[in-house]
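The two complexes that follow have subunit A in common; it is paired with subunit B in the first and with subunit C in the second.
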Partner chain A sequence: MTEVLNNPATAEAAERRPSRPRPAKPGPSHGPRTPTWFVVPAIVVYALIVLWPNIQGLFYSFTDWDGLGTSWSFVGIDNFFDVLGDPNTLRAIGNTFLITIVVTVFQNLIGLLLALGLNTSVKSRYVLRLVFFLPVVLTPIVAGFLWKYLLSPTGTVNEFLGSVGLGWAQQDWLGNPDLVVYSICAAIVWQGAGYSMVIFLAGLQGVPDDVLEAAAIDGAGSFRRTVSIVLPLINGAIVINVLLTLISTLKQFDTVFAMTKGGPSGASETMATIVYKTAFTYLQYPTALAQGVVLTIIVGVIAFGQFRLTQRRGELS
Partner chain B sequence: MNRYTYRTAILEVVLILAAVVFISPLVVLLSVALRDGSGDVGFLGFTWPLNFGNFATAWTESAMGASLINSAVITISSVALIVLLASTAAYTLARKTRRWSRGVFYLFLAGFLFPGQLAMLPLYLWFASLGLVGSPVAVIAINVGGFLPFAIFLYATFLRDLPRDYEEAATIDGASPGRTFVAIVFPLLRPITGTIVILAGLAIWNDFFTPLLYLSGSNSSTAPLSVYSFVSLYGANWPLVFSALIISVIPILIAYFLMQRFIIRGFASGLKG
Partner chain C sequence: MSLKTQHTRALAALVTVGAVGAALTGCSTATGGGSGDGNTLTVGTNGGTGMTAVIEKFEADHPGVTVKIQDSPESYQQVTATQLTGGTAPDVIQVFPGTGNNVSVKIAGEKGFFTDLSDESWVSELPDASVDLLSAPDGAVVAVPMTFSSIGAIYNTAALAEVGLTAPTTWSEVLQFCSDATAKGKVAYGLGLSDTWTTQLIPYALTATLVYADDPDFVDQQVDGSASFSDSNWKLALQKYQEMDQAGCFNPSPNGTAYAQVQEAIAAGTTLGTVSVAAETQGIESVSGTDLDLEFDPFPATDDAAETYLSATVGPSFAVNAKAKDQDLAKQFVAYLAEPATQVVYATAYGDTAALPGDEKQEGPVAGVVGQFVSRNTISTWPDQLWPSTTVQPALFDGVQALFTGQQTVDDVLQKMDAAFVDGAK
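And now, the complex of A and B:
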């Protein structure tokens, strides 16, 4: 049977042969029979929707393909030279990294503080958890439009600053090219902090009370207990949270598109918005594909790191 | 550790203040939607009497009813297909210990590495050549393909730790493999199915990018896409726009308040795999 095993179709035929129940053998490789064809529909969909288009995209990023598929020729890495020599794309890459770093730091810091606060005997903790998590379920494009209003020149934030005597601090939050990226970060952090919080809360549940009590008896204050005992013990939740924020923010499209569409004049463009525009507004297919390859490499490297890390943690525990 | 001291009380006040800050954007959302559209009413002001007329106008002008139905159809069919395809595939991949099954499993895991922007263009042109741009079928197919790696990963990890005794008993009793899966294995997968329904369902309902590509200008617009089109038309009329935003998220808010424990647990657990 070994020679047919690499061929799912043949293996399937062998599996489906009408059979007496196989004598149960010990060992992990002899459980009840599972139908091989079970895996076929998933493979077909996955190959058509994920694998093949990515391979195609990678292939055509080395060509001058116009999207019609009939006429193209290899241009080597010219498209990549175009992409990495284009100041707009470089700015988008820079913005993407800036947003990713700012959001990752603040979303996780706020999420951690909220989780530490709620992981106490505070009476309203269930209601508060509900409130902090609420933005997470909100549609990102809706949150984006809401924040577009809040941060508009006559919007809520400026009205608030004016009414408490901080009129000098009023800004055109989304119109100022130096500020716009940070304004977008605020909206993303508001939406995501609750997500980080619940993952930290799940991690905090694994911190044994008796260890903390022992430390308290030994005279460690609550700050010291948090830094020296709690944080090392929720290391896993920290890693998961950081990597999750990194990957989701690198791919961020909806909030930016709703708030600024990448403006003013490209100041808040990210990789995801620039790939979309290059492809569907400017119809520069080879350039869009090369940008897609660059984004895929950035996300792929981080996602691979995440996978290896979680795998290694799995081996340890 | 669990006593309620004055320090806990201070912490409680700080947290409640933080919650007020967190919820205030949503208060603004509501107050603007209920406004007359005129006058300066301060940063959190409601105008009296509350003006519910914006909701009626937004509802008819944005055709949000049809969009909510489209969103529901797309979300439910995508999630059903994800659960069906991923649970069956993961069952086989987790139970077979052949070299090919391990290879296929890692092939699915590779899906985590692709952000989707590279496949976007070839996929779009392929669907266009099939005449499926403007059809929910394209969006459903992309949702299913995109979520398979995550769902298969969760199911397979769970299945590897699941004892085979029940399956073996069913096999000995003469149940076919298909029957064993439907009657024995799938019900045991319920916790993972719940997590996938929540995470995938919410992400698909809230998704804007795929509908933007495939359903713009079609009569199968989803709720987030209709919000976007509505804002393009009425961008300056914030009370009207905010009414449409609220209408579009009402189903999520209802689901959230009805199933909040379940949903929060889904988010907290789905990633530990």
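And now, the complex of A and C:
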């Protein structure tokens, strides 16, 4: 290293090498500086309506507060023992993971296939993109109620199956405890696939045409080009999609609650719905808060793990 | 940065924080009780249909007074419990009789949130069956009842006539009714268990006769450990529920069916009836969009019609917030609510039976039936209003759904209810 520094030619080259841009110094020559206290109102509002309630929630998860009045006493981590020893909560955690895995896989797979199909020169591609994106603009609660009626025993899905001679396939989609979770997954995927498709489409726009043309000239078929060129080049979009789907599905509430309220008999209960029920149906606020803390930790650990994994690979950059 | 600039920025930040804080503080007090100043009375309601129908006359009788309804039908318990804790609840508050939730007479009453109304003149008119449900644990009456809410069978009269059937009055007739309805291509009783609150309706209707008619103190016996769900006629009630299912009384897949679909089916006449709360006569009629002719009857549990008890209890009730600034005005309003004419107007709009009708006559498909049972004192209170824990009812909800999926037996369900009861009674 010393040798390099003592070599005039190398030193000169180093001088000519473009240096990393430095942040502009504040001052009159760089325009007026934005006053930092502009951010104070936002910080105050955020602290009052987000941070403070969360801190309070964490605090009360260690108490026996009854939700009415201001009296309480510390119970240590008893509420957390109750949560982790409750079979209904454990089932809700299991359902949450099951829904998360199924939705993450299928939403991204379908979104990717839609994006690949619509990233062509098909004439109706813009209309089709709009059609597939339309479910995204519905609020999840509306989508949930819509699917609740579509999947009811006398709903459109069963009627359609009957009308095309598939009466044997008619099911009690939301009343059968073995099917209900997958029915909910279908509704979530239906609503979210368009969102994933848009992100994949954005990634596909960045794939250079000349590379694909060169591969085609070299004899690579469309499947080979997709697997060997397109997918590696849209890795960033894949990572972002997976991360967003994971987080949004882990805390899924609206669709599940609208479709089944966690039933029948808890068969489709998720962490989010059981937190709601424990608080507002059973009125066991500290236990619900402890469940909320557990849910937060689970979501946080998974999101952080995924983020670190992708950061290490440099994929997000 | 000059000292002057620093001071200016610090002052601006302080003003901003103060302004935001003041705005938020303003938000929190503007909606609350304590706004009663002799001219304005705030009333918290869990669905304002009945109250809207009666406030106009009060305002006319009290010139200069405005009654403001704060209606929170979707989250009334949460909103009101938070307001009570924060001291911002309305002057007059809709409360729930007995125990059951944080805005119930006994739970919130124990914490002193309600004014003692024991000395009001209308208290002496209260039906015996309602006094305990409207009293705080210290015995003080704290709320005026507006209706008796009951559970029974609601039938589409035209649909019944179309298939030549009449409402059953005994248990055997119920099963025959189901068989006849099926033969005519109709569903006898719509069941939408996807909405969990409906799971309890038939068990409550049946246990009114099978359990609580002979044993009105059954809940007290459960508390002292001498009785349990498992060793009582609750078992028979749930077995009868299953018997109805096996007899084809219900629509296919009740667990996957929403209650709204049951309402629509009754309005359309494809389903003849359902077992529900009496106020649902209004709900079903509103779904139909026409003047639907509905019939309300007690739901039989035995083969002796004279043995049938009606599952009925005190419905919406109103208490005075102990922190209301104008206690006199709030008490005047509650006394107005207790007047027979007010009661009938409220109950008719609400779709149920007036709790204190006096000599007033109430029209409609429900009032006559319920009135007979109340006057004969052949009513059984909804048991959940006396249960010591809010976890017993969800155990029943889950249990009934599990019965219909075959995941649990009657014994399983009752054992879980017993466990929840014992846990809650500790």
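Operating definition for what follows: the second predicted complex is superposed on the first by the 269 of 317 C-alpha atoms of A that agree within 3 Å, B and C clash if a C-alpha of one lies under 4 Å from a C-alpha of the other, contacts with A are read in each partner's own complex, and residues count from 1 in each chain.
Here is the rule we go by: contacts are C-beta pairs under 8 Å (C-beta built on N, C-alpha and C of every residue); 3 or more make two chains touch, one makes a residue touch a chain.
Since this is a predicted model, take the numbers as computed values, not measurements.
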Fit or clash - subunit C, subunit B, common subunit A: clash
First (subunit B), second (subunit C), both or neither touched by A:P53: first
Partner chain(s) touched by A:K261 [first = subunit B, second = subunit C, both, neither]: second
Partner chain(s) touched by A:L151 [first = subunit B, second = subunit C, both, neither]: second
Which superposed partner A:F280 touches (first subunit B, second subunit C, both, neither): both
Touched partner set for A:P35, first subunit B, second subunit C, both or neither: both
Partner chain(s) touched by A:D172 [first = subunit B, second = subunit C, both, neither]: second
Superposition-derived comparison: subunit B or subunit C, residues of subunit A touched: B
Touching partner for A:S73 - first (subunit B), second (subunit C), both, neither: neither
Shared subunit A surface residues [contacts with subunit B and with subunit C]: 35, 41, 45, 48, 67, 69, 149, 280
For the subunit C and subunit A complex, residues of the former touching the latter: 9, 12-13, 16-17, 20-21, 24, 75, 77-78, 81, 84-85, 101-102, 107-108, 111, 193-196, 251-258, 261, 390-391, 394, 398-399, 401-402, 404-405, 407-408
Residue numbers on subunit A that touch subunit C, as the complex places them: 35, 37, 40-41, 44-45, 48, 66-70, 148-149, 151-154, 172-177, 260-261, 263-267, 277, 280-284
Subunit A partner contacts - residues on subunit B that touch it in the complex: 1-4, 8, 11-12, 14-16, 18-19, 22-23, 25-26, 28-29, 32, 42-44, 85-86, 88-89, 91-93, 95-101, 104, 107-109, 111-126, 141-142, 144-146, 148-149, 152, 164, 167-168, 170-172, 174, 177-178, 180-181, 202, 205-206, 208-209, 213, 223-224, 227-228, 231, 238, 241-242, 245, 248-249, 252-253, 255-256, 260, 263-264, 267-269, 271-273
Residues of subunit A that touch subunit B when the two form their complex: 5-6, 8, 11, 21, 24, 28-29, 31-36, 38-39, 41-43, 45-46, 48-54, 56-58, 60-61, 67, 69, 114, 117-118, 120-124, 128-142, 145-147, 149-150, 156, 159-160, 163, 190, 193, 195, 198-199, 201-202, 209, 212-213, 216, 240, 244, 250-251, 253-254, 257-258, 271-272, 275-276, 279-280, 285, 288-289, 291-293, 295-296, 299-300, 303-304, 306-307, 310
